[in-house]
Amino acid sequence: MVSAIFILAAALAAAFLLGLLKDEQRGVAYAITLLALAFMTWISADWTWAFAMDGAASVDIFTAGTEPPFAINLRVGLAEAVLTLIISLTALLSALAMKDALLALGRRAMAVLLVATLAFCGIVLTRDIFNLFVFFELAAISTGGLILLSDDERALAAGFKYLIVSQVISILLLIGIIFAYHATGTLNIDGMADAAQSILPGSRQAFMLAFFLMFMALVAELKPFPANGWALDIYESAHPAYSAIFSAAGGAAALYAVDKLLLVGGTAWLPAATGIGVVTFVGANLLALPQTNDRRLLGYSSVAQIGLILTVLGQRDVLGDLTGFVALGLLLAHSVAKAGLYWLSSLVAGRELSAWAALRGHPLMIFAFATFLCLLVGLPPFPGFYAKWELARVLAAEGRIALLALILFGALIEATYLFRWFGYTIKRDKPAEDIACASGNVIAICVAAVTGWVLGYLWGDAANVMLGRGNLLLALPLLFALAFLLLEWLPAWTKNMLAIAGLVGYFALTWGDYDPLRLIFFVIFLIGGAVILLASFHAHGRRVGFYPAAMLMYAGMTMLIEATDTFGFFAAWEILTVGSYFLILRGKHSEPHALSYLVFSLGGAFLILAGFALAASGAPLGVSPRLTFALSELAQVAQPLAPWVFLLLAIGFMTKTAAIGLHIWLPGAHAEAETDVSPMVSGILLKAGLFGLFILLMSMGKQQLYGIELTYVMLWIGAITALLGNLMAIFQEDAKRLLAYSSIGQMGYALFGLALMNHLGWLMALMFVINHYIYKSMLFLSVGGVAKRTGTRAMYQMGGLIALMPLSFIAVLIGIIAMSGVPPLSGFGGRWIFYNAILESEYRLPMVVIFLSGPIAFLYLFRLIHTIFLGQLKDEHRKLKEAPFWIVLPQMIYVVLLLAFAVVPGIALRRVDEYMNQFFPTGGLNWSGLNISSPYGYWDPIAIMIIVGCIFMTLFLWLLFVNRKAQKVKQFNIVFAAERPYRPETTHFAWNFFAPYRKALGFLVQPFVTQFWGAITDTLHTGADIARRFYTGNGQTYAIHLLGFVVAVYLFARGI
Amino acid sequence: MIAQIAMATGFALILIGLYGALTNHNLLRMIVAFTIADTGVNIVIVAVGYMAGRTAPILDAAVPAAEAAQRIIDPVPQALVLTAIVIGLGITALMLAYAYKLYQKKRTLDIGKLTELKW
Amino acid sequence: MKIPYALLTLFIVVNFGFLQNALIQKIAARVGRRYGIPVWQNYIDLIKNYGQRSSITHGVMFYLGPVFRLSGGVGLLLFVPSIYGSEMFSNFSFAGDLILALYFVFFGTLGMALGAAESGHPHSAIGITRGLSQVTAAELPFALAVFSVALQYQTLSVTDIVAAQQGSILNWTVFTNPLAVAAAMLGFLGSMMRPPFDVVLAPQEIPIGPPTEYHSSYLALMQTNRAIFPVAKMVIYMSLFFGGATSWPVFFLKVFCIYLWSAFVGVVFPRFRVEQSIRWFLIWAVPIGVLSIVLM
Amino acid sequence: MKPELMKRMVKGPDGQEFEVEPLRDYYCEAAPTVMPAAYIKIVEDFFNWARSESIWILGFGTGCGAIEMRPLMTPRFDAYRYGVQWRPTPRQSNLFIISGYLSVKTLKRAIRSYEQMQSPKYVIGLGSCTINGGMYWDSYNTIKRLDDYLPVDLYIAGCMPRPEALLAGFMDMKKIIRAGNAEGANKYAENFDWYKANQKQVIHDWDMPDYNW
Amino acid sequence: MRELHQRLKSLFPLGELTEQRPDLGFVTVPAEYLRPLLLQLSDREGFTHLVLLTAVDWIEDGQFQLTYLLSNRGAARDLGVRVMIPRPANGLATMDGIHDIWPTAATYQRELREMFGIDFPGSPRVDEEFILEGWIDKPPYRRDFDTKKFSEENFNHRPGRETRDPEQYMKQQLYPDGK
């Protein structure tokens, strides 16, 4: 094992060596630099391996051969090794990435780079406070030098501002150090920490002040909000490869310095760290919202991430042993992602966020970009996810709910702007200039992306070993989904076959494991998914990006069913959210909608996270907080926590089912998605929310909060959702939006059924799950097929397509008959159970609302079929063909399914009915032969089908006979009060179809909810836009900010 | 007493320096002010390390090694000051270099005019 | 064995429906001091329409529309027991309960709407728009009343509900649950296509609404439905609210009286626009229905 | 001809270009055929009786005579009791009353409406204008012999005839129908070319298919 | 009315005022002064309403007379403005449209275009058919158009029609003894 001091020595030696070279020998100099950095990387990697794998103890290195306090000592432990590895690896890769700049500027620049690396490593390694100062100054000086690498002239001013601030910092630090030394008599950090315990009360005050100054100086190096304008300027203007170092390595080093210093200050200073950290996290994320410059945005994000990690450090008192796991997880995720993003940014020519659209067409880069964003946001299976989970769990267990809320709020905002950016990248117009693919850069980016995944594995492994959580990257469904990333070169149809085979195969392997309830969802998720995937056969080419996203979603849903504990459930939830986000984003105009989907979903997910964390803290069994918490244990959550847990989880799940108030993401997301994606996200994805609600209600049952029955509130929400969803659907001109709003209404029904909390209510909800899957998938497919052929989704532009697209018409016809609940098709079964269920329930008023919404469904359904298939055919549609075979095929399968399910609903329902007896022993259905009866009524699907069929056929044959000579006429052969039509457009009555309804009840569909959320986002944006004027750009102002910040923290600390 | 005076002077210099640095708009004046503040810091360090009635921590004939512990003042602050001075010099030099380049590029030394980067 | 009896029911009801429609028209004419049509006029019209020599078709759904419509009417009639206590005339009520009947109402409506829409005539579409819009509001008080009655008797079986009303006239729902009946009867007005709620057909304005393009035998089928469907609907009202019928004469009398109610309102009121009628139902009928449920 | 009725090139959503000719593509071009009576005489007689007792009139007032038809619905005349009703759509009507003078422009509409009625269908000319032009005999834009253009079953003379005259006309009409002589639709189909020639002679901008189904 | 005429006369070369009723008068104005006069009337004098626009065919003088009848509702007065424009023997006469002052005028102008052959270039839809469809002859309201001849040539006659003087005929019918 090479001593860690060689990390420093190598850099120093190489820097000196460079000095000996001639200025012309730039290639050699560059090679030396790389070699030195590689060597440093190797050493630290070696140490990391030793600590992590072999469990070696940390090692002290005494520079002068004596122990402290007489000499400076360095220490290498796991944390140090990992951090130096990050630093040197980042530096190495950055050196690769900025090859051109380094070669242009020559050996001096390389030397400075080496010195910077050395300084950052030194900050990590040293245990001496003054040495720490020296390394910081070194870092400052080298940073000052490296900023000059940038082509951007503005970097000069940024560097100067930085120097001003570091002057102030160094003054603070020096004064702090000397007084601390005075008080403790040592400069060694560990020694100081020991001595601090025994300081006399008289000089304690002075020592605390000294410590405060040191602490503030180091915290200032973390760019705390709002005293961080200088750092942002650097991030914006420096060479991006250097920004990568500055963010990844510098941030890591400074954080570790603060961590070391906190040893001295003890637990008394943890709240301060937490406070500064969380303010920074939330504040910087907020101010990042209105940013349009990519690098500055990344700067804000860096600041925020460091703030978050500082918060974690501040929570060391409760996190205990987990601190390292959490903090390091976040830090590594941040470093890798941020470095990667900065390297990416040097590929992109423009500085606008939308200029990143240039990445499009480079799938590898997009993949890396997505990886980095997921790393940053902390999505599974990346380390940040595990860290977030543990953090939330511990914070909730300790009752630090407000802090948890702030962190989750900040994280949500961060996700918002990051994924908005991703949306721009995928959807905005490609700039003229393609990306500059320098090999060094690309290598760096790829290494970072791979590192991200490796870290994901490592953290999963650690979570598995330490905490007994499953490693997500070992979950078969997820691996299967990720495998498609590697198969992207295959043509779409091959991948489609694989995907279908995977879904069906996995189902065949595992379906025996589940109870009937889960099984129904499992069937819908997997088999249902496979049927919809049949439609994907129509796609040509390779369809890059579709399969990983789709399979990620399916993997998430599979894991959701498989999950037994809260962690697995939540992980699956986030995976399916991310997968579906990528899937939705593929639609032509889906950028804003995908974003709002993601924001709402993540918001909901965070509520679920909080709910689970809270639940774990409230469980009466075993040690609190317990590491794993089975879903079934939700039932044992005690008062007074239980209703809150219920509330959080319910809202979280209702976000997914788009309950009213949380629904505004749905129409756009579902409508703008691709033809075969809409049925997936509508027919299948929505069920995930219902599944969550099932789990929730199954385990927690009825809960009361302030005397209000929460399920009763859900009942109202369900009813109002059903009404308003349907009502909004009837006013849509866009066919797919209409279906999307209809989904909202249908989910309202299902929610209502669940909230009834009786046997039949649940059965009805389940019936809706099945039915809605079938007919909504079918309708979305046929409407999608029509939209594909006509090139529009506006219904009034269609019309008269029945003769041209008869199969699509049949699908829609069957679909709407089923959906409206008209006998003899299966929708009626849902309604029948529904009526029986509400008869049993003691709640009366919400029924009124739901009664009204029922018939309204007729309105939009009729509109759908009339304006598309009936009425007047348009000029330009006269030569249309039937929708592609592969889109029609699943529809026909659904038609058969619907008919089958209509005749024998017992296939699916009977077992579930029995299964539900364990929750509601009474009130089940009685299945005697073909007759289905409840305590109130009865129903015989086969008899209905036969009777209706006979009557219908008799009359039909009679009419055929009587009318055998009827003359077939064309579309304009209509009577028109002696006039006649001239154009189909003016003859087709379709636009604003339900104008009278709008006059009567239009006031109910005022977009209040949209306005509400719009107002919130506007306020945040505007507020942030105003607040960021605080960063005037003047270096002096920044210095004053810093001083003011110090004073403010002091006052706060005193106040505390 | 001397220590107190030195300490007060040091702090006074720091404050003067900071005041100067934060109120002067000219880059060069700011640099000078920071130098003053640095000097103040150095004085403070030395003053902290000062012990009344002792001598400089140089082991020579006047102070034999055996008595050093009683006779000389704490050498560590002195060493720190030396390092601090060196580093301060480095930073000052870098700032001057920056000021030079800035003037080359922008033809101004007014910090208030170097605000293209903001928000 | 059910089938011949069902056909017998159908036969009785068709004839009764034709005569009743004519009678109601005659009453309306008498209110306007006219003689009005002969009572057998509807039969003649029917024969005439079957006797038309030519016909046209706009397509498959155009064909199916009247079939749907009449199937809806016949089905509705046959899914509800006509005569209480008679095995003969309980028809096909074994297949489903009240809910089946309620939802089967829409079978014909939907099919008819589809057929009319395929004709491509904008006035048909406008008529359907109006009809559907209005029916959503008109059905609400009725649905509430049904729910209230089902709660009252704790069953959804029509036979059981009728059974519970036997014995005395005071056992009728109209006396035991007057609010529900009031709501239902207000809703009833909206579903009978009579003034003030006949803007759907609105002759002269949008020639005749949905059936603008229908003629000859199509129209004959729809005329048949106009005889059956209201009766079938009123059978439900009768069974739920007015004690049902134990014999055909009682059946005729009660159905006729219920029909008379809408005719009575119809002859004295002018026409509502759709949004007015929606508001009217929501403001006047629905609260009564809600009250009936809450007080139940 | 209206520009909407001209041939046009249309581009489909898939980029395919094709020609749309409204008169050909949007209208049925079939010619009317003679509709035979029922196979058995007694059935036809029965139908004829029903037709005569259920006369549905197309509510299309072509001229000033339309005002004379309104009183028929009022208590004073009450035509309903004779099985006479007004229908708002030609599809359901059997009897077309040309109520008074018929300008060329209206003639076009009248032809269209007549052709959209289902056979058997009857035409009554009301007032002297339909017989020989009446007081508009020298007008530049009214036709003077209705039976040149549509197969008239019955004329009711007068300027204008009173509602009583109309009632009497209905009674005569019934007789004609019952006798099986109201075969105007078949006559029209048989002499289709002659009628069309006459119609086209006065309608100079013929912009509709030859037969409006 | 007179003082209105006086007022206007000081501004425009108006002809004499013909007072048909105390509240209805007519004046003549050269065509080039029509627009300013109408603007004056509508904007200053309160004649905000165009009642009608019609034409008279003075075939003997080779002129069309256009009459713009305006109404001042507040004062309950009507004023007709007459303009004489040249009438070509064949082809169209032309006049400036006033549809920008009163949009309703466009309809009248369409009618005049069709019935008299007076063109109003720029008036909306002025060249489209208005009442007549497929008209093939000269504009029917021109006095040189022989409507009887046109009717005889175009429309089939039913033979046997007699024409009598209604007065004589009725006298004969009612008092056959000739008293």
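Order of writing sets the labels: A, B, C, D and E. Residues in every chain begin at 1.
One rule holds for everything that comes next: contacts are C-beta pairs under 8 Å (C-beta built on N, C-alpha and C of every residue); 3 or more make two chains touch, one makes a residue touch a chain.
Keep in mind the model is a prediction, meaning the values are calculated, not measured.
Visitor: Enumerate, in label order, the chains that touch chain C and chain D alike.
Guide: Neighbours common to chain C and chain D are A.
Visitor: Compute the shortest path length in steps from chain A to chain E over the network of touching chains.
Guide: Steps on the shortest route: 2.
Visitor: Name the most central chain, where centre means the mean of Cα atoms.
Guide: A
Visitor: Count the C-beta contact pairs for A-C and for D-E, then tell me which is higher.
Guide: The greater number of contacts lies at A-C.
Visitor: As a test of understanding: of all chains, whose mean C-alpha position lies farthest from that of chain A?
Guide: Farthest from chain A by mean C-alpha position: E.
Visitor: Using each chain's Cα centroid, which is most distant from the centroid of chain D?
Guide: B
Visitor: So how far apart, in whole Å, are chain D and chain E when each is placed at the average of its C-alpha atoms?
Guide: Measuring from centre to centre gives 36 Å for this pair.
Visitor: Just the number, please: Cα centre separation of chain A and chain B in whole Å.
Guide: Taking the mean C-alpha position of each chain, the two centres sit 50 Å apart.
Visitor: Using Cα averages as centroids, what's the distance between chain A and chain D in whole Å?
Guide: Averaging C-alpha atoms per chain gives centres 70 Å apart.
Visitor: So how far apart, in whole Å, are chain B and chain C when each is placed at the average of its C-alpha atoms?
Guide: So the centroids are 99 Å from each other.
Visitor: Got the chain A residues that touch at least 2 other chains?
Guide: 967-969, 971-973, 975
Visitor: Which residues of chain C are in contact with two or more other chains?
Guide: 54-56, 207, 212-213, 216
Visitor: So which bits of chain D are touching at least two other chains?
Guide: Those would be 89, 91, 213.
Visitor: Throw together a list of every chain pair that touches.
Guide: A-B, A-C, A-D, C-D, D-E
Visitor: If we count contacts the way the header does, which residues on chain E are in touch with chain D in the complex?
Guide: 131-137, 140, 145, 147-148, 150-152, 154-158, 160-161
Visitor: What residues on chain B touch chain A, complex-wise?
Guide: Against chain A, the touching part of chain B is residues 14, 18, 21-23, 25, 27, 30, 34, 37-38, 41, 44-45, 48-49, 76-77, 80, 83-84, 87-88, 90-91, 94-95, 98-99, 101-102, 105-106, 111-112, 114-119.
Visitor: Which residues of chain D touch chain E in the complex?
Guide: Answer in residue numbers: 104-105, 108, 131-133, 137-145, 148, 198, 201-206.
Visitor: Write out the stretch or stretches of chain C touching chain D in their complex.
Guide: Residues 29, 32-38, 41, 44-45, 47-48, 51-56, 203-204, 207-208, 211-216, 219.
Visitor: Hey, which residues of chain A end up touching chain C in the complex?
Guide: 800, 802-803, 813, 816-817, 820-823, 828, 831-832, 835-836, 838-839, 844-845, 847-848, 851-852, 854-856, 858-859, 862, 865-866, 870-872, 934-940, 943-944, 947-948, 951-952, 955-956, 959-960, 962-963, 965-969, 971-977, 987-990, 993-997, 999-1001
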